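Following are the structures in question.
The two complexes that follow have chain A in common; it is paired with chain B in the first and with chain C in the second.
So, the complex of A and B:
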């Protein structure tokens, strides 16, 4: 149990790296699609809705497998620069995670944008502020504050999602845990240590979000 | 398209049965989850600190640990645990547990943690007057629960339970690591033998989308049924 701790801890860093990189990329994807969802044009709107529907309606495992095993099959892709990225399981996992969390994030941000009271935007307009500035300086900050609790849940869900990276040969926390279990046949001990590390990370994220919520609360 | 033909030449019938397997595992897991929720929701709502602690540990641990890790625990640990219990009764032969049972149980425990939270939230948001009114009417404990509280709880819980169902359905794809032949496993086998992973994994995605779409439609109907009178 003690012997496995250093290995699992160093694997936890890979989990954190996967999580943070995919969350950052996912946030931009999410914001982009949330803005598309608010667009009046029905095609753009439907396209953004379709994206989030497909990625929220299918398991993350399928998404990773399509990107890792499926895309390599297209001959054309193999000859382009993209192949440098797509042949690495690490980047395939990150692309899948980012697209997945992007879909959920876009829904969270969309509903946050929609709950902004029209009066706030009108107040900005009556002060003579341009639409662009209203969007970046008024709507986005309020939307981010509104979506903090839901986004916190999404971060925790995504952290659990990164465990699927182990299915495409990445040795993250779950990957290493599985390896140790299958070589030592001590599933319960390893589960306690690895699960404990995951719980600790959940705890930190949970409290961080709580702190941010308090810091940026309206009252 | 010939890849999806039924019979020996294509993978159509295999994938069809795999889809049925996914549905069967999901429903079993969801029911096991309800069973766990039935035990843990009262513990969560109880005044007793110790019972509270037990229920809170269950939901916190399960919701904070990746599903895949829980499945590995059951997959590698399940046989050992059952054989240990059997050895107490003097049975020392090797026991192999069915992948369906291990998988449904692992996913069921996860789904149960989410269901517990949903039921707790729903019961807590029922007006206190309803409990008091039930008392005043002189209903006994069962009558109070089944006739007054449960129908209202269901109305509040169904929208959130439909989320739990979606999570459970998608989580069953993870059981493929234990070798149970559901959609994901079957696609893996088909992709391996035809060398056409892009097609089969995309088709698996379509099957999952279809399942979520159809189940959403059915749950919406339930929702309408239980919100009659509101």
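So, the complex of A and C:
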């Protein structure tokens, strides 16, 4: 019980690594697709909508399995350079997590963009600021501030989602907890400790977001 | 309102009675994913050597049985938490497991083997056909040395919480990169995809997969028994359940004497795996 704690704590770092890498990639994917969603071109718009619809509408576990076990079955793929990445469970998990969180992030950012009052953009225009600068210096910062509470939620959901990495052989917090159980046969104790570590990580993320919300509040 | 309450109570009461119908049946847990030991057919029904043997043993015990499905990695915890009364899931009798549960006498034995895809550099290792690790002789020690050299830096895949994982973790073949999977099916998939350089499991699990999938999976190196691989497969029973343990031991004696175990084993394995 006590001697399982160091193993679980070092596994928690793997969980954090999975989380942070997929969040960073997912944020860029999300921003990219949110901008596509605002595009007037119906094809671009529908393409971005289709992406978020598919990835929000299917379970994360299914997505990981399709990317890991599914793509691994395609013989052609195994002869391409892509296999260097897809061979590794770690990258398969990152791809699935990033695409999943990217879909949610694009929706969060899109709705944030749409809540920006037209008056703010017009005020910029009347001052003679270019559209580009308005977008990068006015719209994006406001959108990010607006989306902080919802995005904080997404980070926490994603953190819990990383536990699915254990299904594709990654020894993250859940994976190591299961491994310890397989030798000690004490599921309750080990899962309570692992759950406590997850809870602690949620606590940190929650407070970090709260701090950012306060720092960038409009009042 | 009174009528409504009566209805509710009678429904609840009948549920209680239905729930209790199973109370005097022996519940046996199996995985249903480790052919030919235990698996499921297309209809989702549990089949296999142990399913058939379980019903036979229960006939000898003189009690009805229900076979329930349980994921492998939660098998022993589920037994301890009384979700069922006995395990028949190709579970080898090992000292480590005996710390948590009791085992009946063994009813069948299997050898473990490494498997690789045809054309792998690990194919055709120069080792004896089989080694026993309980008291390793010089041949066995030499074979382990050969394996240590061949497997260095390779990824070897196993099902989690198995004797095969224990063996690789024990360090007998040096430091290999062990990758663990929830089911043997997933091990087979990743062996075929090339993510695993080799896989370790019951030899029959690989020959069964090769036969059904048509994939060029071949066995390599020696077959393993004894030591970390345990002493045969037995029925796992809670430590405080001496009565049931006794009943199973007697039933296995009878089934062995009447040739039932050999017959059922030959039917499912293609050879007599009984002990």
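Just so we're on the same page, the second predicted complex is superposed on the first by the 219 of 219 C-alpha atoms of A that agree within 3 Å, B and C clash if a C-alpha of one lies under 4 Å from a C-alpha of the other, contacts with A are read in each partner's own complex, and residues count from 1 in each chain.
Basically, a contact is a pair of C-beta atoms (placed from the backbone, for glycine too) under 8 Å apart; a residue touches a chain by one contact, two chains touch by 3 or more.
Predicted model, so just to flag it, every value in this text is computed and none were measured.
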item	value
Which superposed partner A:78 touches (first chain B, second chain C, both, neither)	second
First, second, both or neither for A:169, with chain B first and chain C second	second
Chain B versus chain C as contact partner of A:134, first or second or both or neither	neither
First (chain B), second (chain C), both or neither touched by A:87	second
Which superposed partner A:61 touches (first chain B, second chain C, both, neither)	first
Contacts of A:185 with chain B and chain C, given as first, second, both or neither	both
Touched partner set for A:8, first chain B, second chain C, both or neither	neither
Which of chain B and chain C A:142 touches, first, second, both or neither	neither
Contact breadth on chain A, by residue count: chain C or chain B	B
Touching partner for A:155 - first (chain B), second (chain C), both, neither	neither
Residues on chain A lying within both footprints (that of chain B and that of chain C)	69, 72-73, 167, 178, 181-182, 185, 187
Interface residues, chain A side, partner chain B - complex	53-54, 57-63, 65-66, 69-74, 156, 159-164, 166-167, 174, 177-178, 181-182, 185, 187-188, 191, 194-195, 198-199, 202-203
Interfacial residue positions of chain A with respect to chain C in the complex	69, 72-73, 78, 87, 89, 167, 169, 178-179, 181-183, 185-187
Complex contacts: residues of chain B adjacent to chain A	60-61, 63-69, 72-73, 76-77, 80, 166, 170-171, 173-174, 176-177, 184, 187-188, 191, 195-198, 201-202, 204-205, 208-209, 212-213
Of all residues in chain C, those that touch chain A in their complex	73-74, 76-77, 80, 96, 100, 157, 160-161, 165, 179-182, 186, 189-190, 192-195
